[in-house]
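Structure in structure tokens, see below.
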Amino acid sequence: MFSVTVRDHMMIAHSFRGEVFGPAQRLHGATYVVDATFRRPALDDDGIVVDIGRATQELSAVLSELSYRNLDDEPEFAGMNTSTEALARVVADRLAERVTAGALGDGGPGLVSLVVTLHESHVAWASYERSL
Amino acid sequence: MFSVTVRDHMMIAHSFRGEVFGPAQRLHGATYVVDATFRRPALDDDGIVVDIGRATQELSAVLSELSYRNLDDEPEFAGMNTSTEALARVVADRLAERVTAGALGDGGPGLVSLVVTLHESHVAWASYERSL
Amino acid sequence: MFSVTVRDHMMIAHSFRGEVFGPAQRLHGATYVVDATFRRPALDDDGIVVDIGRATQELSAVLSELSYRNLDDEPEFAGMNTSTEALARVVADRLAERVTAGALGDGGPGLVSLVVTLHESHVAWASYERSL
Amino acid sequence: MFSVTVRDHMMIAHSFRGEVFGPAQRLHGATYVVDATFRRPALDDDGIVVDIGRATQELSAVLSELSYRNLDDEPEFAGMNTSTEALARVVADRLAERVTAGALGDGGPGLVSLVVTLHESHVAWASYERSL
Amino acid sequence: MFSVTVRDHMMIAHSFRGEVFGPAQRLHGATYVVDATFRRPALDDDGIVVDIGRATQELSAVLSELSYRNLDDEPEFAGMNTSTEALARVVADRLAERVTAGALGDGGPGLVSLVVTLHESHVAWASYERSL
Amino acid sequence: MFSVTVRDHMMIAHSFRGEVFGPAQRLHGATYVVDATFRRPALDDDGIVVDIGRATQELSAVLSELSYRNLDDEPEFAGMNTSTEALARVVADRLAERVTAGALGDGGPGLVSLVVTLHESHVAWASYERSL
């Protein structure tokens, strides 16, 4: 199995509901350094999994819809905690939609799965893996 | 599949028995930067895999039982080489015991597996993965 | 010249005023991975610059006053942009006050300078250096 | 499952054929920081997956056959794009041959799989995983 | 003293002349992860050293003139070894020209120095520091 | 000013005397990831600060005299705490002796200073800087 990973980041504000979160129930924020991994059992005709330039563009496009925002004000996240792991799924699902819509070109159909990892600090990160 | 990882470290002395280890047969030591990954197919009612604060506390508790010690003097390791990979299993098994005993609260029962990685330097690391 | 550096982090929300900031004028947030460096021309009687444990505690205490907050709501930051570089000075000045007040023990008086670096992402960071 | 990973690097020149590669169609180059992961379900008699020293030597030997070369001039790569992911497979296959030939000693036969990751920058990397 | 650093990268081919370089006399290549640090004794009216977005754009512009090229074919480098440290000076000097020409806006004049670091691998890097 | 840095590591056991060290008074150990920086105001005739290969060899030679040892048993360290910062000076002084003795060849005489940084974990490191 082959994989290619590209990295970018986003910077957001949010708060959490639930006693387990302690001080993180207050409005605060995070930089998420985001890794998106694309998996393919065989290389395409160009000898690649996906073009790294295109993959970077698509990840950047997904993150620009979230970055520099207070997620507590975004209707799409009403009633949910935008935890690191929940946001990993949001990013993965949006990337998957783009792949399905052809954003990665001819190589897209050969992809079998996608992993998105959000690093919230040097000592904590979360991932979501899904099929394509 | 979702995962959350937390990082901490420990500093120990030890020596190895066996010619394959060369100069590492002498008493020496290591800093292990330790990553513990908790996996769950679905998020809990708070929208998380495990609380990062609690996971960090449990990892710290496990490491404090090993850190600042000469492992050659610890009866529990008599007769075994405390290699990086062997210690990864020790840390994973002790974390698993804590999860089973309820240390991570209501979220613990939903966890399906655990990976512990010990980085012994910038150029070598080892992991152990087990189910929960 | 000797130095010792310890690392910790904080997670905050804020917004910026000024067209130069573009989308960062909106309420957003950041994780700052914070490095505090203490400098001393000679080692103390214990053979160290500062005790790493104590230095870590003091840095953690300073960061806990800022973390998990919306800095736009903090009176102390009224009328200023809490840029990465401005926050580096805030953290450095507060650490310096603690050193002067004796928080690092007998070793404190021998320190000559302090550098605080805040990493806002994997591709951008800022520092402030001051004498002690 | 246990794993051990060792890291090294190589520095090569090459060019790509195909419009998808844009400016990378020109002769350019890359440093690849290379991680090789060896997996084993159980530890060997010495309590390890592989000896880290031996694994490092074998990885270094494989990389020295590629490093400081223009891959466009190497007959073995004629007609293929030496993409990061394609090179990950080359390194993995050559390591696998060495393992099969006994380069890792008695521990080799117990290994079940191998993953090779090539980091081409701080924001992109690729992997190839295969069984042994 | 304040500083702000931004990171980007470039990928080039080149060769070295001189026996000291051993196998690096052959045509090979490198990824350089490039950090550019801007220093200023006081913050500007916006409370910053330089706008991180603008600094990133200028660094990217400088690197795009070098990246995806065989430096042996560039007339500007005829007769010189494009070592990591020599390229650090090239990047620093080109950034300095842009700052002097007003590329960083009103904040540029307050800058006093510039450091450029090129990381050629996980185990080697080089820097050049100059005044502005 | 130019600089070149090379990285290697060593693994040692030791203990500390003094109440300030708490549990680190027990025999324990550390991996030190070691960075050695060589500074020169101008490049030599080959266009470099020092040859990275030679610098790496010299650093490796110095570290091999310390690694895989219990520093408490080494007569040269009798009566001193082998703290991270104290060991940074030991490594720097030994490298300086080698430079003075001609180990870096013709380039050595042009060097003006040396910095050695020892990383004891992902959250703490120490440096020593000296002239040459």
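We call the chains A, B, C, D, E and F, going by the order they appear; numbering starts again at 1 in every chain.
By definition in this document, a contact is a pair of C-beta atoms (placed from the backbone, for glycine too) under 8 Å apart; a residue touches a chain by one contact, two chains touch by 3 or more.
This is a predicted model, so every value here is computed, not measured.
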{"item": "Same or different contact residues where chain D meets its copy chain A, judged by the half mark", "value": "different"}
{"item": "Contact-richer chain pair [A-B vs D-E]", "value": "D-E"}
{"item": "Centre-of-Cα separation between chain D and chain B, whole angstrom", "value": "27"}
{"item": "Chain B and chain C, separation of their C-alpha mean positions in angstrom", "value": "30"}
{"item": "Junction residues of chain D, two or more chains touched", "value": "7, 120, 122-123"}
{"item": "Touching residues (chain side chain B, partner chain F) in the complex", "value": "7, 9, 11-14, 23-24, 26-33, 67-70, 73, 120-123"}
{"item": "Chain B - residues contacting chain A, complex", "value": "1-8, 43, 46-49, 51-54, 56, 105"}
{"item": "Complex interface listing, chain C residues touching chain E", "value": "16, 18, 20-22, 80-86, 88-89, 120, 122-129"}
